[in-house]
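Presented below is the structure to which this report refers.
Order as written gives the chain letters A, B, C, D and E; numbering starts at 1 within each chain.
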Amino acid sequence: MKKELEKRTIKGPDGFEFEVDPLTDYYCDLPPTVQTPAYTRIIESFFNWARSESLWILGFGTGCGAIEMRPLMTPRFDAYRYGVQWRPTPRQANLFVISGYLSVKTLKRVIRSYEQMQSPKYVMGLGSCTINGGMYWDSYNTIKRLDDFLPVDLYVAGCMPRPEALLAGFQELKKIIRAGEGEGANEYAKRFEWYKKNQKRTIHDWDMPDYNW
Amino acid sequence: MMRELYKKTKQLFPLGDLTEQRHDLVFVSIPHPFLSSLLRHLRDKEGFSHLVLLTAVDWLERGEFQLTYLLCNRSKAWDMGVRVVLPREGATMESIHTLWPTAATYQRELKEMFGIDFPGSPGVNDDFILEGWDDIPPYRRDFDTLKFAEARFTQRPGRESLDPAQHMAKHHSDGS
Amino acid sequence: MVSPLVLLGTPLGMAFLLGMLQNRWRFASYGITLLTMTCMSLFSADWVLGFASGSLVATDFSTAGAPPPFAISLRMSLTEASLILLVNLAGLFSTLYLKEELLRIGRRGMAVLLIDIMALCGIILTRDIFNLFVFFELVVISTGGLVLLSDDQRAPSAGFKYLIVSQLISVLLLIGIIFAYHSTGTLNIDGMAAASLGLLKGGALAFFLILIAVISELKPFPANGWALDIYESAHPAFSAIFSAAASSAALFAVAKLLPMGGESWLPVVSSIGLVSFLAANLFALCQENDRRLLGYSSIAQTGLVLVVIGQQDILGERYLFIAGGILLAHAVAKAGLYWLSGLLSNRHLTAWTVLRQSPLLLFAFISFIALLVGLPPFPGFYAKWELVHLLAQEGRLAILGLVLLGALVEAGYLFRWFGKVVKRSDGGEEAAVFSVAPIKTLVVFAAVAGGWSLGYLWGQLSLFDNILHTIPVLFALGFLLLERFPVWLKNSLAIVGLVSYYLISYPAYDPMQLIFGTVILIGGGVILLASYSVSGRRMGFYPSAMLMFAGLSLLIEAKDSFHFFVAWELLTIGSYFLILRGKQSEPHALSYLVFSLGGAFLILAGFALAAEGVELFPLSSLSQVTADKAPWVFILLAVGFMTKTASVGLHIWLPGAHAEAETDVSPMVSGILLKAGLYGLVVLLLGMGKQQLYGVELTHVMLWIGALSALLGNLMAVFQEDAKRLLAYSSIGQMGYALFGLALMNHLGWLMALMFVINHYIYKSMLFLSVGGVAKRTGTRLMYQMGGLITLMPLSFIAVLIGIIAVSGVPPLSGFGGRWIFYNAILTAEYRLPIILIFLAGPIAFLYLFRLIHTLFLGQLKDEHRQIKEAPFWLIVPQMIFVACLMAFALVPGVALRRFDLYLNQFFPQGGLNWEGVSITSQFGYWSPVSIMVVVMVIFASLLGWLIFVNRKAQKVKQFNMVFAAERPYRPETTHFAWNFFAPYKKALGFLIQPLATRFWGMVMDLLHTSADLTRRFYTGNGQTYAIHLLAFVVVVYLFSMGSL
Amino acid sequence: MNFEWIQIPYSLLTLFIVINYGLLLNAFIAKIAARIGRRHGIHLFQNHIDLIKNYSLRTSITHGVMFYLGPVFRLGGGVGLLLFVPTLYGSEMFSNLSFSGDLILALYFVFFGALGMALGAGESGHPHAAIGVSRGLSQMTTAELPFALAVFSVSLQYQTLSITEIVSLQQGGFLNWTLFTNPLAVAAAMLSFLGSMMRPPFDVVLAPQEIPIGPPTEYHSSYLAMMQTNRTIFPIAKIVIYMNLFFGGAASWPVFFLKVFLIYMVSVFVGVVFPRFRVEQSIRWFLIYAVPLGILSILWV
Amino acid sequence: MVLIVMSTGFLLILMGLYGSLTNRNILRMIVSFTVTNTGVNLVLISVGYMPGRTAPILDETVAVSEVAQRIIDPVPQALVLTAIVIGVGVTALMLAYAYRLYETKGTLDISQFTELKW
């Protein structure tokens, strides 16, 4: 564990000494909870429609697939017309596209970012690496199954899938959301212990708080 | 010509044989205690101002690590690789971050991936790519990556792997 | 009454008697000496009382049974009697002080001391010029003896230098006397004067020789190296005599001799005095040795009296009052200071820090310094006031300017010394050495008592009021007696005092005074609530604070220039002491004082110029100043007042002074004290209106200065790292706005300025208290070291939040009203260009305000502050009162402003506001504070309701729960963006805040110090060189005076 | 100029119209930009959908009271600004709450939202938020200056601070517009307008790639939705002031829509042509080009 | 006659001053000052002298009635007497000082006693 994360004794301005534990004192300690849908079905369906038509992707390229996402913004593919846009901060994004292989080091960041996104949120696995490791099946540093760590709504297979495939993936995702099945965030909350167990099994130097909203 | 440079330098340092890859790329070897003085000489006197890379090869069978310092003389467009050989057990090499500050990053990587120590190099013990690595360094050839991956990660069932050699052989026979 | 002959004979006889005693009878000898001194003092006191009560008239006493010219005659009048009393008292107290030394040395030393005192009395009494010579020689011989009293190994060399010089002087004097005798046939001074010595052939040279010889006894610059050496090395008690008594006697001799030469010699005397005054004060700047510094100061004061003597042709019947005021104040103070220096073992100025162990001695010290500088209520103040007025009346402006300049330098080094004494850390070893012999302390306090009584006396004698008779001053001084009581008692008393004084006096105020009076007295009371948070006794705080408030309250009541100026000086001094109390405030308090006194002297000069001989110059007569003087009076007064409002260029004292002051002092000096300058400007502009100089409209210049202050003050505030400095610079900007408003010279401009007075008081006091509370809790004022305090100090946060909304002028709070009036005001302004600067300054305020609130309360909470508490209760109370006031003022500004608006109609009939109904309307627009408040509140509340409805489940998170590019912050320090907050802004506009003013004033200071340091080196320490100096001095003065005669 | 209860529903109606118009306007402009790039671009109602989606998100966090209040301040500022200014000239119905104050009120109320937002962003504790605020405030100081000068010039010209009166003095043909009677002031004000619209070249405050969108970095869900609402109202409210001061105001909704659109397009045109300025560059730009125009306009009237 | 005495007196004064300002030895300075004093006294005498008159002693040679015409002015002579006395006193004091100075430093060079300066 990094030295900065160890407990330290602090001397206040009036000379009083006390202890600060960086892992607990700086972070909120409530786990995610299951969020119930809106009051009535109609409203929830309306909301789901709005969510599906307004997919805000977190601009976080985790692997080589990030290069396939750039063309989506160009006139050739023009993902905007589907209500898709990229947001620079996870707070404002709903869709996390895991673009290709995911190393253990990146996984840590992915988990953080995912937990910082607001519910309902969706995860899309892009490329074979996220499905079963793909060509990195025997790599010492690349995860093999994304859904061990995060609830995945949709995989787009291929190595790498072209942008058109991604567009198709968005359309599929929209259908899922509209059908009210895009409840990955609730899934994550429900099986939180399980996900954490998997995450910690792979990330040996777990130096984050358990819940990093 | 680089051969003249080699001859000239050989009078000063106990250089090994010259390997000419191209007319502008040569490799020489030198016993590792002389390395830093040779590099300094090349940098200050011969115009090899740029450290292109620093890399290692694990000669497991010989029980040695071979380090290659690739230098570049920009004005003449010459590249010269300097090779040193280290014993594999407790491999330690003198740090050259004083010559090129960038070397520290290479050395940090080598420390993480091969376990070659460079005492005094800034941040050499910090994590580079692998955070929290607790096994033997992964680029060592005695590290079994498949075994590690199976133990560390869950594989998705139903995956098929083809042995590349067999696969290519089959293709070859099909084609002929 | 005892005959003057007896007065001279008694000590002489006693000295001979001592010579006949046995060496062993030391105590008897000492008793005799003491008795003689006491008797002499009593005799002379008797004379003084006799003259003062009017029962006696000036008399000549003939000796040897014949009148002059056949015999020596002595004269006794009030002047002589007072001086003899002074000399004898100095002798008496020095004898007491010298007890140990005299007992050690024995009767001979006592005899010499008696002879010295006798000779000094002789110099004063005699009317015979040769007799004068004899007494001078006796002084020389006895001085030579007394110098040897000192333990200092270097004293003999100093004494020898003195002897060398006095040989030369005696040569000059003797030759002068004989030729004077030759041309007049008499040795009697009055006889010579009657014979108009100066006009006779050869008589001029003779008179010159006599005069220059006697003046040389006054240690004029540059022929004074020997005197400084004596001051430095002699025993302090002797130095006290040498400085207080000997100088006074010699000065009197000069005054006595001058009628011989006639009026044409007066300029020579003035010039010598002026040069000495300036040079000695300049050299004193570089002194580190206390006694040498006092020596320089003595020379300077003597020079000043010489100037007064030289100006006697215009001083008329006030001559004695002025010269006496300065001379006596100097004598008492200098004697006191030398006695005080004898209590200390180390000669470095900073060694005086041990005085802090005894508040009484510290009080003595500051009393002496105030006496020397001539602050009210001491005699020097009255004297200087009248001197300056008479000089201005006669148009001797160069002398006036130089005297004030010298006085400023003098105040500078004396208060620098005081600052060192109060603030520097004292070494432990010196503390051990400091042991107070009761008798010596008693002598010092006698001087203190003397000084204060003189102050009272001069107050009674002055043509104006006695300052010590005004209730606020007495109230403030009364706190000196209460110093032993705890803070809560004194604080309650102070608040009650302020409020009741307000209640007593407010019915008499006009609306303008009412606004200032409320801010000062009620506002002061509210700020004083914060002082409850201090425990213990808080020595020195209440007298200073109350002195400041006394000055302020007297200021707004002042009807004439004298009272105005007295009040001005009082508030300056009071606030100086207050500011000096801050931990690191020594240099800042000094620069505050120097700038303030400089400004005060300008004001003094301005009033003097305006008064034109009117004794009690009513402020309302400012409008009747003649046209050729009016612009100059205007400039002098305006610059003086703008020093107080810290207009740009004269602002460099403010940031340090306000920032380093204590938590509850900062709001006082910022929220209240700055308004004194504005009040002065109001008085000035009401009186004089627009003035033109060489075709330049002076109010336009003020517009530019105001606008520049607003811009640069704000801009500098943006780049501060220290929270209190930021607020201080912001004050410069705010005062710039107010100045701008006044200089607009229209109805709404003035209304805006007055609104700023109220607003600035409220929000700046509130912000200073709040930031002060935070600084108290966090132990730092650097903003980047704080952060995230909102949850720990919510009330302070609310105060700052309300404060910055008000400062920035965002509706619905009260700052907006000011902006609205401002816009209406500039629409009728006749001069538009400076408005651009004001427009630029406006949004810049947002920069520093946001920085203030963000870096303190928002952002990341630092580890070491995790457990701090809200600011002390008593700091919060006034803040909450201010919040309520701001809200109320925002809702109903009319309550405070309406009356003033009507009042302004008599000066600016055009452009008033219409206060009928809910809206306030001007000729251009309208504004409805209540509607704005309601609308904003309703919108805000509905939106908040909506947000709570859709977002009711928001999860509270902690400080690091944030998006950090998928990384995590490790420490709050590295995550809190606070240091150099406006770096890009610095790149773009940083060139505007080159510290030009600081550099300029620094250069002036360096120049003064360097020139002083270089020139003082011509005092080589060699007695022969000194003799050459004297000869050169004589020759130069001769050439000049012959040229001018 | 007095308060009637009926003004509340009227004001709400104005608000409703302006919000919808703003959302559509933004989408339309995005559409135009897309069409220029040969793209389809977003749906015309995309902004509505985004808004609904953000309001409908299920979770949210708060960093503290000021963080929570920040968007309220922001939107309050926008709504207030809109309502303190009469939207349509001569219409009792859409003169909103302008009885509260005149032009100066509008001028200063602009800062209400900015200040509150800056405070809210500050409490999020994110350094990028602070950096963004620092940049925004820095740029604002000089960007607002030409506008202030122009306003001063215009009020001098018409000798009034009342917006309604300023508009009424511009009636009777477009040649009576300030645009033609005081072109210097309008030029200065329009340059200032570019700076206040958060579009290129003056959008370094948000700078999505560098300090992920600056002050609102931590804002999401309904907070973000409120800020989006403000983003639609606020520019229009500002444009309404410009329109009233410089372009003769609008007497009916169609004229209103047209003028707002055209004025908005000015900043869009400039934005698509120029790259982004750094803060100090834009400060210098305003001081060198815009401020002298403003000064000239003051000297001219 | 008067002129000669007066010139001598002034000459002595100048010589004495020259001597006291150029000699570094304290004793020599003191001697020079006594020379100066003598010069001054001579000047005093010469100023008071009136040619053709007698000493101001009232005895049988001068009738009381003629006093005003016959004797010279006695005052300068009285002054000289006093001046001599005082001169002696000061010289004595200076010599005492010279002794003290020599005690402290072991030298009589005036330029060595410059610790006090500036």
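Note that contacts are C-beta pairs under 8 Å (C-beta built on N, C-alpha and C of every residue); 3 or more make two chains touch, one makes a residue touch a chain.
Bear in mind that the values here come from a model prediction, so they are computed numbers and not experimental data.
Counting only chains that touch, the fewest steps needed to get from subunit D to subunit E is 2. Chain C has the Cα centre that lies closest to the mean of all protein Cα atoms in view. Here the two chains linked by the largest count of contacting C-beta pairs are C-D.
Set against the C-alpha centre of subunit E, every other chain centre is closer than that of A. Subunit A and subunit E have Cα centroids lying 112 Å from one another.
In terms of their C-alpha centroids, the spacing between subunit B and subunit D amounts to 59 Å. Our note on geometry: subunit A versus subunit D, Cα centroid distance of 35 Å, whole angstroms. Chain geometry summary: the mean Cα position of subunit B and that of subunit C are 77 Å apart. The multi-chain contact residues of subunit C, meaning those touching 2 or more other chains, are 955-957, 959-961, 963. Those residues of subunit D in touch with two or more other chains are numbered 59-61, 212, 217-218, 221. Contact annotation for chain pairs lists A-B, A-C, A-D, C-D, C-E, with touch applied as defined. Of all residues in subunit A, only 28, 32, 35, 37-38, 46-47, 50-51, 53-54, 56, 75, 78, 80-81, 83, 87-89, 91-92, 94, 118-120, 185, 213 touch subunit D in the complex they form. Those residues of subunit C lying in contact with subunit E across their complex are 130, 134, 137, 140-141, 144-145, 148, 153-154, 156-161, 163-164, 166-168, 170-171, 174-175, 177-179, 181-182, 187, 225, 228-229, 232-233, 286, 1016-1017, 1019-1024, 1027-1028, 1031.
Residues 103-105, 108, 131-133, 137-141, 143-145, 148, 198, 201-207 of subunit A are the ones touching subunit B in the complex.
Those residues of subunit A that touch subunit C in the shared complex are 2, 4-5, 8, 10-14, 16, 18, 20, 22, 25-28, 30, 60, 89-91, 109-110, 112-113, 116, 208, 212-213. By the touch criterion given at the top, residues 13, 17, 20-21, 24, 26, 29, 33, 36-37, 40, 43-44, 47-48, 75-76, 79, 82-83, 86, 89-90, 93-94, 97-98, 100-101, 104, 110-111, 113-118 of subunit E touch subunit C in their complex.
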